[in-house]
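Consider the two complexes below, in which subunit A is the common component and subunit B and subunit C are the respective partners.
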Partner chain A sequence: MAALSRGDYPPGPPRLPPGGLPPGDPPALGGLRSPQTPLTVRAFRCWLTVYRRIWRSSIWSSVLGPVCYLGALGFGLGTLIDRHSPASLGGVSYLAFVAPAILASGAMNTATAEASFPVFGSIKWNRIYIGAQASPLRPADIFRGHLMFMLMRLAMNCAFVVLVMWAFGAVESAWVVLAWPAAVLTGLAFAAPVAAWAVTVKVETSFAYMFRFAVMPLMLFSGTFFPLSQLPAGLRALAYATPLWHGVALCRAFSLGTAAQDPAGMLGHAAYLAVLAAAGIWAGARTYRRRLYV
Partner chain B sequence: MDPTLSCPLAWYGEGGKTVRGMSYLPASLDKVLERPETEVLVRARGLTKEFGGFTAVDGIDFDLYRGEAFGFLGPNGAGKSSTMRMIGCVSPPTSGELSILGRDPVRDGSAIRARLGVVPQEDTLDVELTVRENLLVYGRYFGLPRRVIRDRTAALLEFVQLADRAGDKVEPLSGGLKRRLTIARSLVNEPEILILDEPTTGLDPQARHVVWDRLFRLKQRGVTLILTTHYMDEAEQLCDRLVVMDHGRFAAEGSPRDLIARYCSPEVLELRFDPEVQDAAADKLKDFPAERTEALADRILLYVPDGDAALAAVRASGLEPLTSLVRRGTLEDVFLRLTGRRLED
Partner chain C sequence: MSESVSLRMLPPAGLLGRLRRAGTDTGSLRLVERHARAYRRVWLVFISGVFEPLFYLLSVGLGLGVLVGKVPGPGGQPIPYREFVAPGLLAVSSMNGAMFDSTFNVFFRLKYAKLYDAVLATPMRPAQVALGEIGWALLRGTIYAIAFMLVMLALDLVHSPWAVLDVPVAVLIGFAFAAIGMTGTTYMKSWQDFDYVILASMPLFLFSATFYPLSVYPRPVQVVIECTPLYQGVVLLRDLTVGVVGPDLLWRAAYLAALGVAGLYASGRRIGKLLLV
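== the complex of A and B ==
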């Protein structure tokens, strides 16, 4: 008996009933908890707290990018091109032609940047998802909350670009106010599917491939910097099938004020982008679940 | 002593009088007395988790009671973390039954997690945020209003002795401080069950003792603790009841004291010999009248009722160890016996 004294077990007073921690807790009154806050919004708020730390620098880069592009392409390259006033531009200045494309491709860039490394990092680096997973949030909430944050970033960045376009005199019509949601939709059509895929990515080099072989060619060959009519027929068909072309066409029609001439076409573009976004949202709830609930 | 008043591990008060138990009890009675609260918080039957063709958890059964500290002890890869993830409702069981707080973790995972606290094996703190912001973000996941989180943050940081670091970024904090912050964060929703996956792995001895002390206080306050560990001393310090896990199954189950009594002798004599004569000494000691002998790489363990007598007998037989140590049997010995044997098989 003596060999097994209980001396090594820490002594303690009788157990108290559960719920007594931590000291000084306010009583859990009805209404103190707010279960009515949707889980998606709770996940979104986390990103706001994180964003509060970096919003200044992020806004600078959001403004600087479009200013550089519009300055270099619109004014630099534009003066050169406008000298020949090519018919394929449809009688507008190169600045007016390229500005909405910069808006749409900027949305793509914001979306792919926000939906790639931050999603991957939320599992591998700062592990935000892993922490959130232990709370009432479900994988689908974590996904939609993060997507909601991406949507906010898209809305901010696209609004900045529209303002810069307007300040540069690159806007031809008041319809440009609709170019803003069009650009946000374009971004969402990228953000949702990319995030749905990014959560499954095991090595970060996959993103380098995405940027090199998908984002970059799309940015160059979607009727952004030159009209698609300049491309050979086969490539043109390919470009028509890509999402960015639809986004560029939509933004350009609103910025130039030509949207009313082809309402069916506009609806087609918007529907294409909406279907892509919806498919991404549908897939993301599943890929997140598969990745987080192993 | 009246045996019905004895209980091996916990002290229970009755009208201000503390009843302290020291004697052995028959296993069945012992079990009843160990858990006066009989509300089952977690119940598993045939719980199984497979990854592809690999079976991580192989049909285990257990009941966890409110207010107890329950430990899963085992080597890496024994299936402890997989079990914890299933209890944490972030890993659907492949087969078998699991109920947590009376609910189904697959269907009601979100509602169950609202009442759990989780301290994961690797910290999931946002190191770029401050200590306070980490608690805020986490509390908001649970839908708590800012004011409530603020009050709880103050109390919790006090509890884990981090109050003076509330405004600091997490990044430069030491491993021990981060661990304590993770524990504070896991308590922000006032969980009924606290799940700790290797709570002190990677901490230095001093930091481990601080964590143990805090966990012990939580236990005293009635929080149900479920923890995994591969530290025997941690299990002995914290657990009322534990299972030894190996290859996804339970190799043994009971209170630390119970397990030591069942699987180990009261005393252990550790002998260290010159490496050149160690094998010869081990051979010679095979026939020594011990309950069991275990030849490890660097020393020989003799499981005996009386260590000093055994050491005298070893010396009398003409063996002179470089060093010798007489100690109590521990969970380490239980573990060695249970899993060591298995590995040899």
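== the complex of A and C ==
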């Protein structure tokens, strides 16, 4: 092997003049990077850093999902339903009926996906939580920071779906701008309790049961693809108690513009979801503390 | 001893030789056995897979079926919507089960569990790994297909003796998708790439005439959909279940089988390339 000449080495750091000192630390960074930002926001920043690398693929599935569902169910199935039983949905087209339900159940799907395996994996697989635990972040900061990230993903995905609904002509009223926060609230009512539970999970098969026996039946039987009045009375009472039904009812009322006819009902739906989200946020701080302080 | 070693070092003698060897020796069965033993610990997950199509069938039977009424079936005569959609759901669940097994699970075993590194340290060869993985996916798919058929019988959705062929056809659909999915997995680098799996399987699931007849689409779209493997599977199962059987079913099945064999060959080669350095 030929000897390396001096010019082959990369240049080192600049030489200081004799007696000189290296420059001082750079000035404090502003915004999210400042040491003065609350700890929760700094935990959130960690997830933003991760997301900056992977947003491309996630954008695809969050845009294409609602487009496909709206196309297949709203237009494909909708033509059959509007032809066969035009009056069964209270005088609206199937597209207008199903679109807000796709919005709400999509929020549930995003929330449960972001709050299950990523939370579990942050302890077991990539150990992000364990690393965060070694920093000044407290378990409650780690939880709320991750929840902020889930909230951001929910806000993005739901905004996409509302835009797609509008582009497909599935929106009957300008009130639909309120369907966006309603869907985000629906998602939060799932994300916070699921994350609070996921951190305590020891084996990942638990999530298979959650998706199979909770998420999927909710998506099919919460008044999403057909009105609840078609279910037998016992199942109907059960469906009224589930959070997704309240989310679907809220989004549908805003999208069809019927919210003003029943303001008390709207408040009831929102209150139910808000209580669920608050309970999840309260419980999460505790379960994270129990799991992460050893 | 030295002779058997040198035989093993011989370069593969083309596709046919590979397939013959993979078919005659039992190495790939060892992998199936390994998975069966591993799954004994989580048998409830295995069993609970039966509930997914059951929920779908119930929601169609209770709700959507009433809204949609009758739709034109395979022979053109109107049939109730739930009878129309049930074979489609069987095809979709075969596809999803096979895709899930051959993408997420294989990726986990490839990257994290390092299962194949261990397997290839034994006399097993890459083609046997591919065959074993796909064989396991098919075994699982067969059990689910039988369960699905039993549910369909219980709900009175089957009216033709041809429907006994539904189970092998469902397994054939699983074979095609497991082989393609496994080949795709060998190109994947991270979990984020799995968004592209969903990107491919979701449009197939929704648009392959599963939920409504193809006649809803304009002609150019129909041609595109007729080229997709899931559509061929849906047509096969629907025709058999309703009992409208013609010779066209043979080339549809041949199409699926060809896809599966091509994927099997490609995935064996890719696994060898990835792991035998």
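As a working rule, the second predicted complex is superposed on the first by the 256 of 294 C-alpha atoms of A that agree within 3 Å, B and C clash if a C-alpha of one lies under 4 Å from a C-alpha of the other, contacts with A are read in each partner's own complex, and residues count from 1 in each chain.
What we mean here is this: a residue touches a chain if its C-beta (ideal position, glycine included) is under 8 Å from a C-beta of that chain, and two chains touch if they have at least 3 such contacts.
Quick caveat, the model's predicted, so the values are computed rather than measured.
Trainee: For A:292, using the defined touch cut-off, is the partner it touches subunit B, subunit C, both, or neither? Pick first, second, both or neither.
Mentor: In the superposed model, A:292 contacts subunit B only, not subunit C.
Trainee: In the overlaid three-chain picture, which partner chain does A:134 touch, first (subunit B) or second (subunit C), both, or neither?
Mentor: After superposition on chain A, A:134 lies in contact with subunit B alone.
Trainee: Per the contact definition in the header, classify A:80: touching subunit B only (first), subunit C only (second), both, or neither.
Mentor: Touch status of A:80: second partner only.
Trainee: For A:45, decide between first (touching subunit B), second (touching subunit C), both and neither.
Mentor: After superposing on A, A:45 lies in contact with subunit B but is clear of subunit C.
Trainee: Which partner does A:37 contact after superposing on A: first (subunit B), second (subunit C), both, neither?
Mentor: first
Trainee: In the superposed model, which partner reaches more residues of subunit A, subunit B or subunit C?
Mentor: Touching more of subunit A: B.
Trainee: Which partner chains sit in contact with A:126 here, subunit B, subunit C, both or neither? Use first/second/both/neither.
Mentor: The answer is first: A:126 touches subunit B but not subunit C.
Trainee: Using the touch definition from the top, list the residues of subunit C that touch subunit A in their complex.
Mentor: Checking each residue of subunit C against subunit A gives 42, 44-45, 48-49, 51-52, 55-56, 58-59, 62-64, 66-71, 81, 112, 190, 192-193, 195-196, 198-199, 202-203, 206-207, 211-212, 216-217.
Trainee: Quick check: in the complex, which residue numbers of subunit A touch subunit B?
Mentor: 1, 3-6, 8-26, 28, 32-37, 39, 42-43, 45-46, 49-50, 53, 126-128, 130-138, 292-294
Trainee: Contact residues on subunit B for subunit A in the complex?
Mentor: 8-13, 18, 22-24, 51, 66-67, 85, 88, 90-92, 109-111, 113-114, 116, 118, 120, 122, 124-129, 133, 136-138, 140-145, 148, 151-152, 154-156, 158-159, 186-187, 189-190, 192, 216, 218-224, 236-237, 256-257, 260-261, 266-267, 328-329
Trainee: Where on subunit A does subunit C make contact in their complex?
Mentor: 54, 57-58, 60-61, 64-65, 68-69, 71-73, 75-77, 79-81, 84-85, 88-89, 94, 125, 205, 208-209, 212-213, 216-217, 220-221, 225-227, 230-232
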